[in-house]
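Shared between the two complexes below is chain A, which has chain B as its partner in the first and chain C in the second.
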Partner chain A sequence: MTLKNNWVQLAILAVIIVILPTFFPSGYYYRVGALVFVNALSVVGLVILIGYAGQISLGHAGFAGIGAYACALAPVHLGIPPVLAILLGAAISAVLALLIGRPILRLKGYYLGVATLGFGILVSMVLSNERGLTGGPDGMSVPSLGLRPLLRDMGLRLSGGEFWYIFNAAALLIGIWIAINLYQSATGRAMRALHGSETAAQTVGIDVARFKLQAFIISAVYASVGGSLLALQNGFITPDVAGFMHSVEMVTMAVLGGVGSVLGATFGAAVLTLLPQILTVFHEYEHLVLGLVMILVMIFLPLGLLPSLAARIRWRGV
Partner chain B sequence: MKVTNTALATLMVLGTVTGAAADIKLGASLSASGPAAFLGDPEAKTLYMLVDDLNAKGGINGEKIELVIYDDGGDPNKARTFATRLVEDDEVVAIIGGSTTGTTMSILSVAEDEGIPFISLAGAIQIIDPVREYVFKTPHTDRMACEKIFTDMQKNGITKIGMISGTGGFGASMEAQCVDVAGNYGVEILVQETYSRQDADMTPQLTKIKSTEGVEAVLNPGFGQGPAIVTRNYAQLGIDLPLYQSHGVASDGFIELAGKEAAEGVRLPGTALLIADIMEEGDPQKEVVIAYKTAYEEEYGEAVSTFGGYAHDAFRLMTDAMARAGSSDPSAIRDALEATSGMVGTTGTYTFSPDDHLGLDLSAFRMLEIRDGKWTSID
Partner chain C sequence: MDALMQFVFSGLTVGAVYALVALGFTIIYNASDVVNFAQGEFVMLGGMITVFAFDAGLPLPLAALLAIVATAAIGVALNKFAIEPARGAPVVSLIIITIGASILIRGATQVLFDKQLHRLPAFSGDDPIHLLGATLLPQSLWVIGGAIAIFIALWLFFTRTLLGKAVLATANNRLAAQLVGINTGFVMTLSFALSAAIGALAGVLVTPITLVSYDVGVGLALKGFAAAMLGGMGNPKGALVGGLLLGLFEALTAGYISSQYKEAVAFVVILAVLFVMPQGLFGQKTTERV
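Coming up: the complex of A and B.
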């Protein structure tokens, strides 16, 4: 992907985000859009880890959980405003990623997958069992971000859905912008080099352990911020946000959209967030259809939806 | 980007189709699939059946009911999105649902913010305490289940018990409530054990309880298959003390799972629905319970469960309030709902007030015992 291409893609995405609402028949679509963006943000983080650095994580929902509960707990117990709680959650996630990343990133392939999976399950167990603090499996409410009343005082009246649509879209665009920058930086090149061949990267003098760890920490921060925004947007959070299924969902979104590109991540997140909403019509067959879509994509578009389609279109010379 | 646009276009088309003209729109978000499907499935079936029935009879004040049900799979996140969708896109005037406490808590704030009357089908006390303007619920709280069980223990002179609870939401919440109220009934909890959802054998925990000096009865808060395993292990270990289960297992499925022999003598607080056949003539609930049980079993060919009964009661309460409100304005329905008095349901007789949005008392619970694979009343 060339430099020009990436910025063009970002611009296209921004335009789509701005234009889409004119087609929304009701406020509910803003809510769905906001959900797509927040999922996409977490997935962009995974693209950095999986797509750039070639590492796998099945436990990133753990970081989402930390971000989410930071927003739920810090304002109540520490008196920190929710906006800063997002940063606090991100900081905690980064430190944790640093601590656990050091030993587990020595592992490769399945072993790394299992170790990260263990981490995710640990976080969700702590959240479920520390009833006194987190309310246990029944979850707890999250204080409001407090920006909406502020905007209202400034004369800008937004519904909850509209506000989160704009807020999350901004967060996503910033997230993608950072990811694209990273891709083109020396660090990004080093990450891609170790993705290609760890031995070769080492031979040319790349500190493999350091760049793996960096990718891990960066992606953890993305997941954490995504979790925070999800919690703030919903106003309620349960340990499910840190659950294994959420981790798998995130990886699936990344793989479905195409793990090599940040825009693919948005695309994968959009498809997997929208499908269950569209499939409510089929009601009882939802899982069946979802499974079928995944299988077909894996068989016929193995690179992920976006890159495969792009390649096919190019091949036909369109 | 072509596909995104197609997907969104499809979404929008669907939106306009479901947004077509309707009479009274009633929404529901239930956990018809996923780990809580044993709650959501009978609830959804009950609602479909009751809506068809009501519409066949001419609806409410001549207006038909249109039911919109979404399956949240027990995921609070999805429940939240569906609740928003019900309110903003489908424009329903009332919501029933939240099969679990988690999904209820996430729907609840949408209902409160938008001013839509909402009846939850979940157990925990935090749903209606503190009272929220637009939020009601039909099942008893776990606290009431504890109180009912301890009343029965008191009657039988039991003062020292052991407790084994599930670590899931329901089990943990009820455990805490039971510990909280035990003292009021002179009951002392000597030993507390837990098991997690995946445990397939509770023998170690039960052995510990068995070997604890002075235990006179055992209480097991939890739902799903855990309590059935506890019951089976309990019989295998030959523990000769009364075993109390929670209302979370009040269905025929529990007896099947635990086995007739093992379940013999198990006591639990349940609703009238389980003992419909043997209820005394003149029992105020008898007519309602029999009518629902017969209709449901005829329609679906499977046994009724307590959980479907919660949905039945919620639907009756909501439609009754709509009829009395005489309009489909959400706040008028809410006011009528709060004024509900003496409404007989399968779970009990509901009387709401501004500071009670559950409207049931302990008398609605019946102490049941399993004898010979059947439910009997021991009140």
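Coming up: the complex of A and C.
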């Protein structure tokens, strides 16, 4: 993957985001679009962790849960505005990732997967059990971001869907921009080096533990911000946001699209977010189809949907 | 003291189920180096198929047999259509494949059967047995006895039969096993069938106590995995001890600390084991070759 390639991908994505609404038949599609972007943002974080540094996490929904509940709780209990609550959630996630990352990231493969899974489930368990604070499994309402009335006063009238479409798209593009910069930086190169071979990376003087930890913390912040935006957009949150299934969905989105590219991540997020929307007619079959898609893509398109298809087209075309 | 005995009995009962799930993990892990996240679905299938066959009028033993055979066939299909085609794929892909398989099985069960909770009648009635000042359901004895019987049978299979030794050889070194003429493909099929059948049997035994529905598999898989980790991944003896210990920890936590956080015990155990002794109680320390 070249530098040019990555920036081209970002430009393509920006153009798609701008053009897409002209095809929207109703306001509902803005909502779905906003949901795709917010999921994609979390997935970009996982691309850094899985695609750059070669580590896996089955517990990143735990960080999404922390981000989401920070936005639900902090404005009420600490009196800080929701925008700052996003930052607070990200800070808490980063500190937590720092604390658990050190011991966890010594593990490899399945062991790392299961350790992160354990962390994620513990977070969702605390959120479900501490009813006094979080409302338990029934969830709780989230204060509004308060930006839309501000824009209205400035003369810009947006519907809820339109606002979140623009806001989340901006967040996603910024997130991708940071990820691309990271890819080219010394830190990103170190991460990719340890992905290739930890021993080789160590030999050339890369502090493997440090860069793994950095990738883990950065991806935790992405997941946390994604969780915050999801909570603010929906105005309501349940502990499911931190649940095992959400972690699995996030990793599946990343791998489905292809962990090698940021556009692939967005594509994976789009496919997996749209699938249930399309399948609402066949609600009964939703899980069946999701499971089947996961298996088939991993077997037949192991690089992920986008890179595998691109490779196939290139191979035929040239 | 009476309360303690009561917690120990209930801990050993669930612990026996965890031990069987952990054993299923161990068998597949040894044969193929795959951690099968769909292991819990085998337990669920065992319970669900038995319930529906029994309700359709089949006698209980026959319904249970049908469930075990059908689940074993599903295990074989899982290996054939999902694991074997992805041989050599990175760990992330295999994790997604087996999680995908578990979601697929759950989705199919929900469509074919339903989303309700189901129960089976206890095998030998519901009159509690009084023992050491506590009470014990006869079904608990079935669960614990079933687990012990399976562990003994497997131990005999692995140490006394040629086929069992072929499985061990494959687990030890696939290439070397192939070189001495062992059909490793068949060993894989056998391992998946065996693992699925053991899971299904656990489901049949425990359904009269815990009930069954299409979504009980995920929790069981994670608990079984915690048990396998605690005992030492890939070690059948570790699976037994790890399962029973985890069951006891859970029951004692529920009894003395908080029933809400009972479910958290398994994950605290996973993290603690990984941090302090990643090879588990009985696992061998492995050194990585570069």
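We adopt the following convention: the second predicted complex is superposed on the first by the 316 of 318 C-alpha atoms of A that agree within 3 Å, B and C clash if a C-alpha of one lies under 4 Å from a C-alpha of the other, contacts with A are read in each partner's own complex, and residues count from 1 in each chain.
Assume a residue touches a chain if its C-beta (ideal position, glycine included) is under 8 Å from a C-beta of that chain, and two chains touch if they have at least 3 such contacts.
Everything numeric in this text was worked out from a predicted model, so none of it was measured.
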item	value
Which of chain B and chain C A:Ile295 touches, first, second, both or neither	second
Partner chain(s) touched by A:Gln277 [first = chain B, second = chain C, both, neither]	first
Partner chain in contact with A:Gly235 - chain B first, chain C second, else both or neither	first
Contacts of A:Leu99 with chain B and chain C, given as first, second, both or neither	neither
Which superposed partner A:Val248 touches (first chain B, second chain C, both, neither)	second
Touching partner for A:Ile19 - first (chain B), second (chain C), both, neither	neither
Which superposed partner A:Ile56 touches (first chain B, second chain C, both, neither)	second
Partner chain(s) touched by A:Gly118 [first = chain B, second = chain C, both, neither]	second
Touched partner set for A:Ala186, first chain B, second chain C, both or neither	neither
Intersection of the chain A residues that touch chain B with those that touch chain C	129, 284, 286-287
Contacting residues of chain B [partner chain A, same complex]	1, 3-4, 7-8, 10-12, 14-16, 19, 32-33, 69-71, 75-78, 80-82, 84-85, 87-89, 91, 101-102, 105-106, 108-109, 113, 124, 126, 167-169, 172-173, 176
Of all residues in chain A, those that touch chain C in their complex	50, 56, 58, 103-104, 107, 109-111, 113-115, 117-119, 121-122, 125, 129, 199, 244, 248, 251-252, 255, 259, 284-295, 298-299, 302
Residue ranges of chain C in contact with chain A within the complex	35, 82, 85-86, 89, 91-97, 99-108, 110-111, 218, 222, 225-226, 229, 260-261, 263-264, 266-268, 270-271, 274-275, 278, 290
Residues of chain A touching chain B in the complex	12, 16, 20, 23-29, 31-32, 35, 128-129, 131, 136-139, 141, 160-161, 230, 234-238, 240-241, 267, 270-271, 274, 276-278, 280-281, 283-284, 286-287, 305, 309
